[in-house]
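The letters A, B, C, D, E and F name the chains in turn, as written, and every chain counts its residues from 1.
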Amino acid sequence: MRRWAGTLGVNVHPISHRPKVFMATVKQPPNPESNPRVQAVFDDIRATRRTDFINNFWRSLAFDPSLLEATWAEVKAVMATPSQLDPLTKEMIYVAVSIANACSYCVHSHTAAARAKGMTDGQHAELLAIASLAAKTNSLATGLQVPLDAAFDADAAS
Amino acid sequence: MRRWAGTLGVNVHPISHRPKVFMATVKQPPNPESNPRVQAVFDDIRATRRTDFINNFWRSLAFDPSLLEATWAEVKAVMATPSQLDPLTKEMIYVAVSIANACSYCVHSHTAAARAKGMTDGQHAELLAIASLAAKTNSLATGLQVPLDAAFDADAAS
Amino acid sequence: MRRWAGTLGVNVHPISHRPKVFMATVKQPPNPESNPRVQAVFDDIRATRRTDFINNFWRSLAFDPSLLEATWAEVKAVMATPSQLDPLTKEMIYVAVSIANACSYCVHSHTAAARAKGMTDGQHAELLAIASLAAKTNSLATGLQVPLDAAFDADAAS
Amino acid sequence: MRRWAGTLGVNVHPISHRPKVFMATVKQPPNPESNPRVQAVFDDIRATRRTDFINNFWRSLAFDPSLLEATWAEVKAVMATPSQLDPLTKEMIYVAVSIANACSYCVHSHTAAARAKGMTDGQHAELLAIASLAAKTNSLATGLQVPLDAAFDADAAS
Amino acid sequence: MRRWAGTLGVNVHPISHRPKVFMATVKQPPNPESNPRVQAVFDDIRATRRTDFINNFWRSLAFDPSLLEATWAEVKAVMATPSQLDPLTKEMIYVAVSIANACSYCVHSHTAAARAKGMTDGQHAELLAIASLAAKTNSLATGLQVPLDAAFDADAAS
Amino acid sequence: MRRWAGTLGVNVHPISHRPKVFMATVKQPPNPESNPRVQAVFDDIRATRRTDFINNFWRSLAFDPSLLEATWAEVKAVMATPSQLDPLTKEMIYVAVSIANACSYCVHSHTAAARAKGMTDGQHAELLAIASLAAKTNSLATGLQVPLDAAFDADAAS
């Protein structure tokens, strides 16, 4: 009854030695809001999201105020502006793409955002079921190299 | 006013020579429904989707009835069974993942399915805007190697 | 002799400050087996793998018993049922896909599973050599946009 | 001396039967420039690139003028505005990313753009060598799950 | 019984208009073997594979003899030299990676190569089942951000 | 003003409990240079890069001296040998591919290498802007399934 663990030859206990750190490729500015352009973006993030919390993505981007401004402007326009899709649907699409792109930070931050917008555990499970099923059938279609059906030609649609 | 095309050194006309084909890696069985297991799956696809149209994905999978049965059973359970997410939301998540995985066939077939479930041009444009923005910020987060915020720890949530 | 490290401008020592944690997007249920559906799956995992060890993938999936049941049923059918491919070959294919999909957890868990099924260091090195060579030639073929040879058309095969 | 082709069991000749088409998921508007917003973007593309040629990417995006405007504004700002990196270097980075993301259209269009900006055959070969080598060592690092060196911590840099 | 196709609003017939071509990003040299370095590589491919057939991947790479030589040398060393893994297992791993990387040409060429090395339809179906299941569980593990088990630490193994 | 964090229901403080470790899938040999083949490679890395620092990628690869030798030989030939592209351009292409492939270790190590070769903060920001824009337009082109322009056909170029 112990073959799998036994073959691994390890003790199955939590490990608490050798702590390591997450490291970024840029230094977060220690006082980012001393730069008025950064402050303006952070203030707009706080006002838009109605929270004082500025997550690390924006703190890291603050190393280049232009990139920070352009990125927030786009995220605000696409994700935080009323549109044809409701906010939770948009956030779930964001999570699904982040999973497919294997972006660990993005999966965490957008799953948290989806929860903040009302995603239940059941909806989360369903999102994971769809995203993983799509990854599976994507692999099957790519492995089979399925020829495209004429019915899918948008230009042929009347 | 012609530098870009000029440097390419080509005539910018539609090309109509050298036709090529899409090729699959498996032969589609010529009469797949002569196999009763395949026929049962195709019949269920027709009944579930209320159409006579069986797209090439299923026709290609028919080379292995077991794989066909298991795949359809899962797609039906996740995508064609009433659940907490509405059918269009589920289909749009499917499209987004297919884009991120660069599966050409899947992008076509699930975009068509989303249209069949009511997706408007405006919603399609919004889906593309979200999926491509997520791909962009996924790249930024990965390029920056943004450290994870403590706030995103599900186990810490009260 | 120190230009590379010198330009980095850092001390090259192990770091032991600022410990961080791995965080999941769902809470692992504290007593997952108090749910009889979870218990049944965990019992079948133990019996199938002949070990008491239930790895975190299944413990995390336990937040949704339906997703847990469906996922284990498929993994058991494909990976833990005698078939035409031997268990080690199947596990090495699993590792290769996990590498290509940049799934850190999956690379770890399936490399451990492959070792448990007898993969030697030499076979592991060979697996890495093939997977990384394939990634390289995949890039070359995509960068060159190599036209498909008629010889690869499955439908043309006699 | 014919084992490989022989086993394939096919005649190795160009194929000219069964022509198929490339299909988009949206209809290109037949007269896109009848929309003044589209016309303005197309005019700016022509002026910026000094060519009359508008490639299909922009013609397809014209189905949604807002998405077209936002996308061109960003491409122009990042790629067609003098900056710290020279235009050819920027275009080669673009090609490399497009290869890694398996975007066939993008590989074609940005390889053509890089050529228009002076990329020689030798530089193209070198770009392919770097992109494919990176894909290979990316796979090795992911397969090995190499632990991060303390020396790569940007915050530790003095 | 026609809702799905009906909503698509298209006629579901084979399409035979507007033929298009596959295009490469480099010109295949018309007489590649007039270059003695190319000829030497092609001769070695023919001798190694015991066939006269040189597929387009090598013909396209011939635009840069150095890249051609280096690539063939590596493919020959890893794939066409007796080693600890049998040739079919190696080829199936190659196909699986090519699927995960969404390289259409590579899926075709290596599936054909696997068939040439004896892969049956049943083994092919099993390969697709494993590769697509791995893609699915990769997505689940990434979506859940499953914390790594201590048992998977290679350095802890005794 | 606290809705977002409030909905998360967590305290937004640095976490310092439950330290975890980075784990590799292979054991780093404790005295890798006791193997003369490993020593020769490490010596060449030191001489080529003019530093005593051997990063973990090479230390992990040392578990298989053949794979170590072949990998270093290729990296040295492509990246550390004078060629038509300057060393910084080559390193930035490498970083961009590593981002697209979601290889955390590679993003760190090659960003550090690019810095060591002179990349400024401004150039780094520009690299991130290009790589993330490419990821975005790659998604758009894939989502739209843009048909290929005849102008991009290399074989048609005169």
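The rule we apply is simple: contacts are C-beta pairs under 8 Å (C-beta built on N, C-alpha and C of every residue); 3 or more make two chains touch, one makes a residue touch a chain.
Computed from a prediction, not measured in an experiment: that's the story for all the values here.
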item: Chain C and chain B - chains in contact with each; value: A, D, E, F
item: Interface residue overlap between copies chain D and chain E, same or different (over half shared); value: different
item: Between the pairs C-D and B-D, the one where more C-beta pairs touch; value: C-D
item: Separation of chain C from chain F, taking each centre as the mean of its C-alpha atoms, in whole Å; value: 21
item: Distance from chain D to chain A - Cα centre to Cα centre, in angstrom; value: 23
item: For chain B, residues contacting two or more additional chains; value: 5, 8, 12, 15, 18-26, 53, 67, 70, 74, 97, 99-104, 107-108, 111-112, 122, 127-129, 131, 133-140, 142-145, 147-149, 151-153, 156-157
item: Partner chain C, residues of chain E touching it in the complex; value: 21-26, 53, 55-57, 60-61, 67, 71, 74-75, 78-79, 83-85, 89-90, 92-94, 96-101, 103-106, 108-112, 120, 122-123, 126-127, 129-131, 133-138, 140-149, 151-152
item: Chain B to chain F touching residues, read off their complex; value: 5, 8-15, 95, 99-100, 102, 104, 107-108, 111, 127-128, 131-140, 142-145, 149-153, 156-158
item: Residues of chain B touching chain E in the complex; value: 15-20, 23, 25-26, 46, 49-53, 63-64, 66-67, 70, 97, 101-104, 112-113, 115-117
item: Parts of chain C lying in touch with chain F, wherever the complex brings them together; value: 1-8, 12, 18-22, 102, 104, 107-108, 111-112, 121-122, 124-125, 128-129
item: Sites on chain C touched by chain B in the complex; value: 20-21, 23-28, 70, 74, 77, 147-148, 152-157
